[in-house]
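Each in structure tokens, the structures are laid out below.
In what comes next, subunit A is part of two complexes: it sits with subunit B in the first one and with subunit C in the second one.
What follows is the complex of A and B.
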């Protein structure tokens, strides 16, 4: 097998042209997914069985099915209904990017809400009792005690999920989006050289992941600044 | 005398061995298996279609067993080069660009393309001599299958067009119906049979003429193989010519269409 280094140098800048699209998918669906996750978390913690139940079913469905299937159902399935095509949502669902962001948001929201719940459950009961002893209301306890501590506890698992979301964005290339993977596949189709192109693509994703890891590392250290021992 | 008989025996053994080898030869054939009516699975799960008939006809003539491998289109040539299979019989046009990487047999089917769009899209896309008018494609979204003759034609002729690349031809029709794309370019025989003649395709029609420029569409559709296999190529060419001259190839086409899909001169 011949390995064409020039091809890697040629295709890298082309793939980086899709970096913006990949970043957009990651950031937009990551933020929307986080908001959704917090809503689901509040439903789970509400103590109202009907809210809790709805959230549980939702999480079960979106964690129980492959993201690729979810993308296909949203992209190819929904437009089969005329009602969808006539609705106000069609302007979003018509666009492949809208469908991809929707699917990634719904998927990551389900996972992240469970991660956040793990964080909330990990907060020491004694601290909450101390809060009660100080006369804090349930809301105050949630905002001033649970939230900061739960965030710190959930952060490592959450950064994991962001990285896996980054890799899920590659699936957007199956619905015509020209993200980095979409561009790479087109280059392979032109050059018939899958090794060179996909290996360079893998390297680009690895660098991207490294950046995300470092970013979360900084954030983790910031949140953990009180827990660090003095040197 | 004794020597002679040993020699004869030796020749006999060699001949038997080679005959045995020939009948046991197995070639793996790559195709999409979703490209009706050329290669697809029936409801019973059997492979069928024009390409499949050609493959079976060729296999019988060259005395080989064919094993079929289903492969997505955009990975077809890489998979052949990576030895995942030995032949491509998948409606692949013999283009110059592909010839740089792989070899082809002679042609066994015409290779053409035509644009399909909604009847409501009232734009003249081609001028009188059959050339596309780039300006009139402005604002229209075009759906194409990745790595096809159609996508290279568009790339060359209409580099400014707003092109979306799909992984399968079925999704092209879906998104044309859903209004995500305004035009698609595909094989007209296939588009007619699988889309326009059906209820789903009622609101759609061909836009512009059939395109078959040899530079992009090649001299036709052939059997692809790795380079440097001239002996195999000659056997395949011989078999294809036999199919053309015996009328079998025409009968494969007439199972599906009221006309043949090849030129008789390809049999010479």
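What follows is the complex of A and C.
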């Protein structure tokens, strides 16, 4: 058993060619997931029991099952139905990338909406009372008081979820997508050198994770610029 | 529903394997988490560095990569070792059960490290001073004061770690563990009904998640029975 450096130098550029796919999966499903999460949050905060209930069941199901099962249900499962194959969504669901993005979006939306809810519930009641005393409407209070404060409270947990979303994108390789992990698995199947290939890829992911953490750190400091030394 | 006839017992055995992986990885995860937390809280610089490296590596790498690396990697190492004793051995097969169990225990153990560390730091200094005033030895303080206070703090995040463990079990099907997702794949090649088969997998995992959530809620209630109103 030896550690082949040339193989790393040889395979690293090949794996990095899949960086664009990984980034695309992360950014597109991250943004769509955030929109879905806000929708679910508004449903839960609406005070209408039927909206709240639907959102709760949705979150329960998507947080209670493995993401891999969700990917398989969407990619392999949905084409079982003729109606799906005839529908307008078929152009998306036919492509593995479309399925992966859909699955990741639906999954991360459920997690992020709970994080956002934690942020909203963490907003100091006194500030909302102050808003009422100033004659703000419920909508104004939500936009000018709850939203900015909840964003700041939820950001650390949100950055953790973006990192787990990045790690979940690696599962796209199970439905034939050639992201970084997909390419690495092909190389390992050819060369049978799991150490060199998987460890160098793990380092790439770690650098990526580190970058995301730093980026959110900067954003967190920016949002917290008025709140320093106040706790 | 008729397509499921004849597959129920396969799913049942798949579910038993999920439960086995969960039980084994839970023990290992607690062990890794406690060792990691002990190292991080110790005064030993080297131990701190190693524990930090452990959490950075396993929290920043996709789960599937860790599983693949451990499975294929350990097979190569074991083959190399076996060939020292008997050069005729071509290949040593590592059981996917143990490769996968250790992999997910290492991953979730890195999260548990942070949870346990935080929980030990969350024990009130006043309680420890009180123990000392009562003449308790450090060991007695650890057993009667630190542990009972610590596990109550750690329980809610620990419940989430248990959910991650059970959901990560699905990933081990990639390296050939015959759990429910693997059963579904076989059933699909025979019946050609992917949606139905994968939905059953989803329901089984949802059952496991619900069971864990309910148990954690029950234990939490039991743990806080004497502290009602204290917080």
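Methods note: the second predicted complex is superposed on the first by the 228 of 231 C-alpha atoms of A that agree within 3 Å, B and C clash if a C-alpha of one lies under 4 Å from a C-alpha of the other, contacts with A are read in each partner's own complex, and residues count from 1 in each chain.
The rule is short, and it goes like this: a residue touches a chain if its C-beta (ideal position, glycine included) is under 8 Å from a C-beta of that chain, and two chains touch if they have at least 3 such contacts.
Just so it is clear, the model here is predicted, and its values are computed rather than measured.
Once the two complexes are overlaid on the shared chain, A:174 sits against subunit B and subunit C alike. Shared-chain residue A:23: touches no atom of subunit B or subunit C.
In the superposition on chain A, A:188 contacts both subunit B and subunit C. Applying the stated contact rule after C-alpha superposition, one finds that A:39 touches neither subunit B nor subunit C.
More residues of subunit A lie in contact with C than with the other chain of the pair subunit B and subunit C. When the two structures are aligned on the shared chain, A:76 is found in touch with subunit B and with subunit C. Within the superposed three-chain model, A:223 lies out of touch with both subunit B and subunit C [touch as defined at top].
Using the contact criterion defined above for the overlaid structures, shared-chain residue A:51 touches neither subunit B nor subunit C, since it reaches no partner.
With the contact threshold set out at the top, residues 76, 79, 174, 185, 188, 192, 194 of subunit A are in contact with subunit B in one structure and with subunit C in the other.
Contacts from subunit C toward subunit A in the complex involve residues 56-57, 59-66, 68-69, 72-73, 76-77, 80, 163, 167-171, 173-174, 181, 184, 188, 193-199, 201-202, 205-206, 209-210, 213. Across the complex, subunit B is touched by residues 76, 79, 85, 94-96, 174, 176, 178, 182, 185-186, 188-190, 192-194 of subunit A.
Those residues of subunit A that touch subunit C in the shared complex are 1, 61, 63-70, 72-73, 76-81, 163, 166-171, 173-174, 181, 184-185, 188, 192, 194-195, 198-199, 201-202, 205-206, 209-210. Contact residues of subunit B toward subunit A in the complex are 74-75, 77-78, 81-82, 101, 143, 146-147, 164-167, 171, 174-175, 178-180.
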